[in-house]
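This report refers to the structure that appears directly beneath it.
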Amino acid sequence: MMKISLKNLPELYSFIAKKNDLYLPIFKAGQVDFAKWDKDAIVDLNKLKTTKSAKDVFFPQSQDLVRFEVDGKKISIDEPIMPTNKQVIFGVKACDNRSFELLDMAFVEDYPDTFYEMRRANTTIVTLACAKPDEACFCKAYGIDAADPKGDVSTWIVDGYLHWMPNTDKGIELTTEVKDFFELDMDNSAVENQQSEIRAIIDRLPYSNIDLSKFTPDKLLELFNSPKWKALSEACLGCGTCTFVCPTCQCYDVKDFKTKTGVQRFKCWDSCMFADFTKCAHGNTRPSQMQRYRQRFMHKLVYFPSNHDGVYSCVGCGRCVQKCPQMLNIVKVIKTLGEDK
Amino acid sequence: MKKIGVFVCWCGSNIAATVDVKAVVEACKKEPNVVFAEDYQYICSEIGQNKMADAIRDYKLDGVVICSCSPRMHEATFRKTAEKAGLNPYMIEVANIREQCSWIHKDIEEGTEKAIVLARTAIAKVLLNAPLQAGESKVTKRALVIGGGIAGIQSALDIADAGFEVDIVEKKPSIGGKMSQLDKTFPTLDCSACILTPKMVDVSAHEKINIFAYSEVEAVSGFVGNFTAKIRQKARYVDTAKCTGCRACMEKCPSKKSLNEFNAGLDTRPAIYIPFAQAVPNKATIDPNACIKLKTGKCGICSKVCTAGAIDYEQKDQIIEREYGAIVVATGYNIINLDKFNELGYSDCKDVITSLEFERLTNAAGPTKGHLICPSDGREPKKIVFVQCVGSRGLRPCDKQYCSKICCMYTAKHAMLLREKHPETEVYVFYIDVRTPGKNYDEFYRRAVEQYGVHYIKGQVGKVIEKDGHLEVQASDLLADEQLHIDADLVVLAAAIEADDTARKIGTMLTASMDTNDFFTEAHAKLKPVESPTAGIFLSGMCQGPKDIPDTVAQAGAAAVKVIGLLSKDTLKCNACVASPNENMCNGCSLCATVCPYGAITYVDKEFRIPGGVQVRRVSQVNEAICQGCGACTVACMSGAMDLKGFTNKEIMAEVESICK
Amino acid sequence: MQNLKLREKIEEMSGVSVLKCMRCGKCSATCPNYDEMEFHPHQFVYFVEKGEIDKLANSKSIYTCLSCMACVERCPRQVEPAKIIEAVKLLQIRKQGNNHLKPEQVSVSLDPELPAQALTSAFRKYSK
Amino acid sequence: MQVENKTFKPTIVAFCCNWCSYAGADLAGSARLSYPAEVKIIRIPCSCRLNPMFILKAFQRGADGVILCGCHPGDCHYTTGNYYARRRMTTLFSMLNYLGIEKERTRVEWVSAAEGAKFSAVMNDFVATITALGENKKLEDLRCKK
Amino acid sequence: MQEIMKQAKLKAEELLTKGVVNRVIGWTEGDFSYDCSPATFTLDNLDKFVYTEFCGANLSKYLIEESKKEGKILVFLKPCDTYSFNQLIQEHRIKRENIYVVGIECRGKVDIDKLRAFGIDGVLGCKTEGDKLICDTIYGEKTVDKVDVMLEKCLSCKGKKHVVYDELIGEEVVEEPKDRFGMVAQLEAMTEDERYKFWQNELSKCIRCNACRNVCPACSCVHCVFDNPDSNIASKANTDRFEEKLYHIIRAWHVAGRCTDCGECSRVCPQGIPLHLINRKFIKDMNEFYGEYQAGEDTETKAPLNSYTFGDREPHEFDTKEGK
């Protein structure tokens, strides 16, 4: 293990940014979100949860695909610009780090998304342990250890130092490049102490032990037809807040924008909560907000696990718990539907 | 795929001199959807039109763009041609490459480049154009005339003579208006009553004319061909069916102190009255503000003397609702209040009078039986001063900015008549300009000067003060460059005229536009002088602006012809470019209706199928016969449910995109 | 003797437009000191319009105006002759650098009904 | 900067009401009162037809200035259209300026059918103002740049 | 607050029992004090009804759908919510005859995000004592002044008067209306470029979740232009920074003169964009240009943009403090 004094971090950032696009939790107009670092950026590693998750780095909110150029009656196609830059994302928490694995299931397995795949391959993930989990965290319910985040590199901030430990080949490669900034750290006790502190807090958290046992593929119809959905969803505004802050939501829409000289085709995040989600010629597949609400949570808790060996499409980050305008969230769904009644 | 044809006009050298028309044609050919493009010297010519019709047929065109002069010039021509060739006329777009391109740019390159952009923009629009069909609405064959003065009488008679029903609404107890108060009329000096009263009798006898006297229009709704008016018939407290007009009640009425409006307040009348001898209808009316019975419950003398039993103290206002196809506004005028002109002493000196009062003082049926006397003490005036332009042509708040038009002539008339009847009187007329355009008008004025010896003095009166029973008039004589001090017996002020005070209310009711002076605005100052911009509303007489009797009668006749033209149609073709709501998106919020100047938008509750059932929603509907297509509603509409045919959001945005390419 | 530059100057100083005048003569008809003036209010307006300002400036009329503002009050066209007279007078005073009229020279045959305020304001302009 | 401005040809979208200003523009043409070719006119029935979305669309597409011309207040063919347009544009322009958009980029002028000279003068002035102001950078859509 | 909540619950129970209404819309309890949600109640679940300092949500918009249903519904409206209610009545969006309005006392609501920004993390529950808010957190008990963590909309409260109700619960506290336009005026005083930078910074955070639109009682279109491909301005993401501005300008424009300044847009924005500053600019301008107007104060007065006077100011007469 190695360590670096927190005050030396800007130099480290600067060095990494020379060869990579460096993404960090950056403070901007009151909010902290992962963004590309530059020397004027205000980095906030203490922020437990960025407003949006870290998925932007691989799956940005909008991604240009092809561009058609129309000249009179002639049409030509411009090849898309591929994301070939090397990237480092720094400060990812355990929950977000797990979300990448879930996104891989959608974007890499079966039908790869080249943009995603390329970004994923080009990126080294530096994770950071959560020193101060909060009341909405329930990563433990999904077996995630916030104290040992296991990215390409794992880090911990203890007593003014960032402790650094590579886990993978990519991590070792990055470590080799930056090793001059670090001092060797032979004593693991500081990190271990913090880890046990974190685990102790997490054990106390109210949502850490929510019961997911009811959400199994064989209960699909029972859950789907539950009368409780109506009351659960009645306050839902149909906005996309939960979806857009969620690290595992992966739906997107493909749209065309008419440029001056042709058409720019792009894909952008979509939300199953939106009234026009998957709208086709005949109308909406899910015309009521209750149906849309049910879809989101059924997908996360039943459909996705059915297709992916029982893995839930939720990492317990708690963003939706804290950000829903009307305070609806997945935990309320799990608790209400999970009740024996 | 839509097939578009483009024509580029040379307009001789008008366009071809600064726009390379061949280059425009070539550029248009490259545009998607364009299957045909050609240039020609004059597309508006018969040959040009034939070429266009041929191309529409040969190439089975879905839309045509013509790059030529302003659409205000030939759009109608091109549309007609398109229609003849079997293409919906609204599938035509005109790119204005003359007025807005070739005529203002000198550089060929610049002109050509802009012409191509304009052509491309028109192509972009025509691609989105939809064929439009103008709707039709039926016409109610009855006209409403608001105002029963000479203007209203003339319009009503002309319309009725053509065989259409006419209702006249007059707020006073009798029709006749201002003209009935006049003594003689210029320039022929016939007696006003002698020429007016036969017309009033004609009106009352005409089987197609219905008079609502002592009535006011309360509300008007609807649109051209289909107006509905609410008329309030005020309580006369006299059953007009029974009243014989014998005037016995007037004699016996104990309350005789009311100012007589007909004599310009120079004498008094009883509380129950018939305003003048030839009144139509010749029926009594009780003035509720003066009647003792109505005010205190005691009296009832008129009821006792009325042998016909016509008096009815319990009578109430009645509201009558009638439908009309056209409305003639003939609300007339008043003279302005002279309280603000204290330098001329009107409020302080009894012997300073207005011209209208002078008319009554010289009229044989007036308060003095036509004997001209000073109102203060009854002496015969020896020296009389007329002042013109009082309150006209000024910029102060109390002034009217316009020329009242009739004062020069009636002042000459007054002066002339005075000198004729009383050659011993000295008559001075103070003028700024003497304006006498009109047949035999200047001759008339010259006669006053040359034959009758009226002293016309170029200058104005500065002040009038009463001194020892006389009026001291201080004035300037600009040509002699001296200040005059005239010791006069009577001063007559030619007060400015103004629109009647009810005009604004009626204008608002009719949504007919008015100018800042409350005169009704004509649809076009030169080419549509008797129509209001609001379809189906016509203007007659002074309500449109100052004018004398011949002009009024001429305009009244013209308005009548327009009404007849309208009423003789069974149906009307509506504007095709009207607002149209998409009810699937309509919120029913009423914002569009609040900005509609025509009241064209109404709401209905409508059933819509939604997943799992039926929902009732309030949605807007546009009456295409009323909508004039301004588009105010389209911007007030949040959801974009309201759009304007012919100028849709998409079409305009396509134009924007094309220009900014 | 047209002097349009001077006319502009007068218009600027007085803040009125002489072209608004419709030549009704109401100013002169109103003027209480008409007989004492060589040029009368309407002529001030007219001569300024023609640019013949020297004529006015050299006349004693600029001092005989009482500044009673009757013409201003009565003018239907907002030409306000008294302001023009005042402007011509100021032009002249500025040119001369001082007043050439002594208080005693001021006409004594004033209208007895003239408000004292007008008289005082007239004296204030003439002396000092 | 100077050199840049010389070559900079702004794109100007002028919305003209059919009854007054479009006719005024025609009159400017008939009287050969020139104004820069950068001005392109879109005919709308009335100034009240102008939806703020059209203005934003124009800026998105790369317009450097947008001007609305309508009948003088009181002269609207539809009696009240320009009164609504006036309120709408006043508040909208104030908002655009509040968001930092140069207030010179948007303008409303009342041009009657008789005011060909005014139309030409207004357009000359507007183009000069926009040329001096330079390219519209604050409300551009980069996807519309080539 | 406890007392008001008890009264409200009793009132709901009474009206439900009497059959005056067949359901109630209010707020239901969550797991932590701050996470109460709007919900409908019958006698079966009325025990979950709460009314606390976290009930900031404006319930009037739900009535668009609720009032179409069978039977009468009881709604609890805070003073500021009643303006939205009136505005919806004026626009014929809700059926008044199907609604029983109980005006409920409000002394300002708390913003959980402000609490967190104050450094109070892991909030498990809160209670008020006087002016203080006492928070039980996983890191121990913490106390703050309530005024420091109130919602923006409460810090600039229009007043505690209900403009419409069938019945009132609690008091209508009389207090001075607070200055709502201070920040707008500060922005106006900046230069164009400073303002541009400010808004660029704020609006670039927008993730286009549509929460501001969907929560807004004035944004009640059956089909929003931004969801309608035919509108030519529809889009799902702020693919270009132009889109951010387009979205927020048009959104504010569409509610201009109809926005009651209920503050919900700013409350729900997950990115903390001060959206009220855009809406309030329109309100401030219209007040200054066309006379004071408060949307929703009554159900008749025409909004400034839907009326006019002959002598209105010209478009470029608006006051920009800054010279160029």
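First chain written, first letter: the chains are A, B, C, D and E, and each begins at residue 1.
Basically, a residue touches a chain if its C-beta (ideal position, glycine included) is under 8 Å from a C-beta of that chain, and two chains touch if they have at least 3 such contacts.
The structure displayed is predicted, hence computed values, not measured ones.
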item	value
Each chain counted as touching chain D and chain E at once	A, B
Contact-graph distance - origin chain B, target chain C	1
Most widely separated chain from chain E, with each centre as the mean of CA atoms	C
Selected interface, B-D versus B-E, where C-beta contact pairs are more numerous	B-D
Remotest chain, chain B as reference, centres from CA atoms	A
Chain whose Cα centroid lies nearest the overall Cα centroid	D
Centre distance in Å when chain A and chain E are each reduced to the mean of their C-alpha atoms	30
Separation of mean Cα positions, chain D and chain A [Å, integer]	46
Distance from the mean Cα position of chain E to that of chain C, given in whole angstrom	66
Shared-contact residues (touching 2 or more other chains) in chain A	257, 260-261
Set of chain D residues in contact with two or more other chains	52-53, 57, 61-62, 74, 80, 84, 88, 143-144
Shared-contact residues (touching 2 or more other chains) in chain B	595, 636, 649, 653, 657, 660-661
Pairwise chain contacts under the document criterion	A-B, A-D, A-E, B-C, B-D, B-E, D-E
Residues on chain D engaged by chain B in the complex (per definition of touch)	11, 13, 18, 22-23, 25-30, 32-35, 37, 40-46, 48-54, 57-58, 61-63, 74, 76-81, 84, 88, 120, 144
Touch list for chain E against partner chain A, complex	30-32, 34-40, 45, 57, 62, 112, 117, 121-124, 137-139, 201-202, 204-205, 207-211, 213-215, 227, 235-239, 267-268, 270-273
Interface residues, chain E side, partner chain D - complex	184, 187-188, 192-200, 225, 231-233, 239-243, 245-246, 249-250, 252-253, 256, 278, 281-282, 285-286, 289-290, 304-306, 308-310, 312-318, 320, 324
Residue numbers on chain A that touch chain E, as the complex places them	28-31, 33, 48, 51-52, 61-62, 132-135, 201, 204-207, 231, 234-235, 237-241, 243-245, 253, 255, 257, 266, 268-271, 274-276, 321-323, 325-329, 331-332
Chain A-touching residues of chain D, taken from the complex the two chains share	61-62, 143-144, 146
